[in-house]
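Look at the two complexes coming up: chain A is in both, with chain B in one and chain C in the other.
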Partner chain A sequence: MSDRVDDHPGSGGPSSDHDLEAIRAARGVAGPVQRKGIGPVAWFDVRRRGAGHLAFSLNRITGLGLVFYLYLHLAVLSMLLGGASSWSSFLRVATLPAFLGLDVLLIFGLLVHGLNGLRVALVGSGYAPDRQKALYWSLMVFGGILLLGAAIHIVGSA
Partner chain B sequence: MEVPRAAGREEAAAGSRSTTWRWTALSGVALLVLVTVHMLANHLVVEQVGGLRTYRQVLEYIGNPVIFVIESLFLIVVTAHAMLGLRSVLLDFGLSPATKHVLDRGLVALGVITVAYGVVLIGVLASRA
Partner chain C sequence: MTVAETANAQDRNASEDDLAQRHLRVFRFKRGDDAARYDSFDVPAGEPETVLEALRWIQLHRDPSLALRHSCLHASCGTCGLRVNGRETLACVTRLDDLFGTITVEPLANLPVVNDLVVDMQPFVERFPSTHPIVRDSEFLPQANPPDGVDAYERFEDCIECGICLSACPVAATDDTYVGPAALAYAQRLLEEPRGVDREAILAWADGDNAAWRCHAAFECTEACPSNVRPAQRIMALRRELRAR
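Showing the complex of A and B:
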């Protein structure tokens, strides 16, 4: 997990301060490297990558998903401005089983992003810098248990 | 002692990155606390208004002063964290300093508009309760 520069303060992003040519050259090198690609393409490049890459990519993808949800949530709340009828028609869709599945997906995103973010903050701040992998997997197991509980609750309340 | 200009620029950039990282981490930790408070308050207040299904129940929920403050604070922190995160993702593309400057301004503007719209929205809905 120590191969991720983004887990540490002082990093503004994988390619913000490095020579892109060096990044391209690093793509062909075997073993853990700081990065092998530029931008989101690298998130899905799982060749010769470990848990650190998975954590980094999941954090980026869930983060973007949550930003999308923020604006979706504002749009949904804006329906309240249209009065009771507007809200009721939305509720008819929102209580469909397929929609409840999206709730589980949202909780998955929140748990992965939140718990992995907590790990990044702890490690980057100097707490448990040598316990990255243990911290990551224990938080993900904890998140998995919470997700299971939440999914059962959501499905049960449908 | 005079610091070489290039070295000075690098130090300034590193300092800026470090500050951004700290704000991202700080807002992230604040969000974990706010999400917990949000869920607890949500649970208690939703029970008070008898659920969160009908139009009237949602308005009564948002009209609660404690919920209004928590939701507004939540919106401010989540928007700040989202903009910092978006910036970090967009910097993955290796932007030039000039583009980075435009990006920073654009994200600040987007964040301010988002918070302003959200707070006005919550305020209008709370006033209908």
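Showing the complex of A and C:
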């Protein structure tokens, strides 16, 4: 027995499933555009993607984080307007181990963003565009070493 | 129960030979539908060897209303570009044996869906520089005597205009005004071998707000390109040209 769909009951083809008038009315109207995520979520889906996409995603995340930090930094500095006592009370919080962890996170963001920016500048200038993956991972390893050194220094000075 | 579900249920009650099957989730959308959906199909393992063959098998045996595009069957025409398990690929050269578990098939991203797996390529073509369209005057040798009509046009070398690079690009995912990798690679190719085109006009076009400088060097276009055009490297070369202006 053939298993073509024509042999099965209820297989009336597309015209039985769709109102032809509705199809004619919709003709000329652009269909939906498929996205990999809702808005910027698409930037961060690195599944089955290459190192370049990972670099792109991390650059966006760290970029947003650094912008947030810039305003936070300005807000913290404005505490100086409140006098020595308010600044001293902030410093007591800022030297807590959990807060020092945020310093390490900040350095992570700076290194990832800065070193990937260096990669983009280099490949955009014609240096090793065919080796951009190796360049990225080399810079990330270098950044990891720097981050480790910075973390040891921060924790050691606490 | 849909046609596909009925057919699959009958298959499950069939012989034991049919137990060896591959499971496909296929994106469906018809003009007039309120929303897109995914239909599930089981295809016999080993019979269709590629994703395109599996989709053709579904058309033939399960649901003739499934719409897809294909032509050459050997990665030359770029017509069957779609996403398989989230990755852009040409269905005709994507082997089922290389995929594991349920296989999800979707149309290219960042282009409007016309019908199921078929996208509207018009927005893709419109991205190319209007002063130097994707087809241009040919330079066939006069003595070559090409067939009537053919000598009027010439296509951009290597690029098969499949749209895969635009689908893979994370910048294009959130910005429909970005001209995208294919158009920029084409512009760089024109500069590489100008054959009389206005270089300055091409550079001015590439220097626009939505052109070469919008690329963020994710290199996904190069990763996905089935024709080894290396669009990202060409965009970087274009930037070098722009800086040297």
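The rule is simple: the second predicted complex is superposed on the first by the 119 of 158 C-alpha atoms of A that agree within 3 Å, B and C clash if a C-alpha of one lies under 4 Å from a C-alpha of the other, contacts with A are read in each partner's own complex, and residues count from 1 in each chain.
Throughout what follows, a contact is a pair of C-beta atoms (placed from the backbone, for glycine too) under 8 Å apart; a residue touches a chain by one contact, two chains touch by 3 or more.
This structure is a prediction, so every number in the text was calculated from the model and none was measured.
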| item | value |
| --- | --- |
| Which of chain B and chain C A:149 touches, first, second, both or neither | neither |
| Superposed model, chain A: greater residue contact from chain B or chain C | C |
| Touched partner set for A:125, first chain B, second chain C, both or neither | both |
| Contacts of A:56 with chain B and chain C, given as first, second, both or neither | second |
| Partner chain(s) touched by A:67 [first = chain B, second = chain C, both, neither] | first |
| Set intersection of chain A contacts, chain C complex versus chain B complex | 6, 8-11, 13-14, 17, 39-40, 42, 120, 124-125 |
| Residues of chain C that touch chain A when the two form their complex | 3, 6-7, 10-11, 27, 29-33, 36, 60-65, 85-87, 106-115, 119-120, 170, 173-174, 176, 216-220, 222-223, 230, 232-233, 236-237, 239-240, 243 |
| Parts of chain A lying in touch with chain C, wherever the complex brings them together | 3-6, 8-11, 13-14, 17-19, 22-23, 25-27, 29-37, 39-40, 42-43, 47-53, 55-57, 59, 119-120, 123-126, 129-130, 132-133 |
| Of all residues in chain A, those that touch chain B in their complex | 6, 8-17, 20, 38-40, 42, 60, 63-64, 66-67, 70-71, 74, 77-78, 80-81, 83-84, 87-88, 91, 110, 114, 117-118, 120-121, 124-125 |
| Chain A contact footprint on chain B (complex, rising order) | 13-14, 16-18, 20-22, 25, 28-29, 31-32, 35, 53-56, 58-59, 78-79, 82, 85-86, 88-95, 100, 114, 117-118, 121-122, 124-125 |
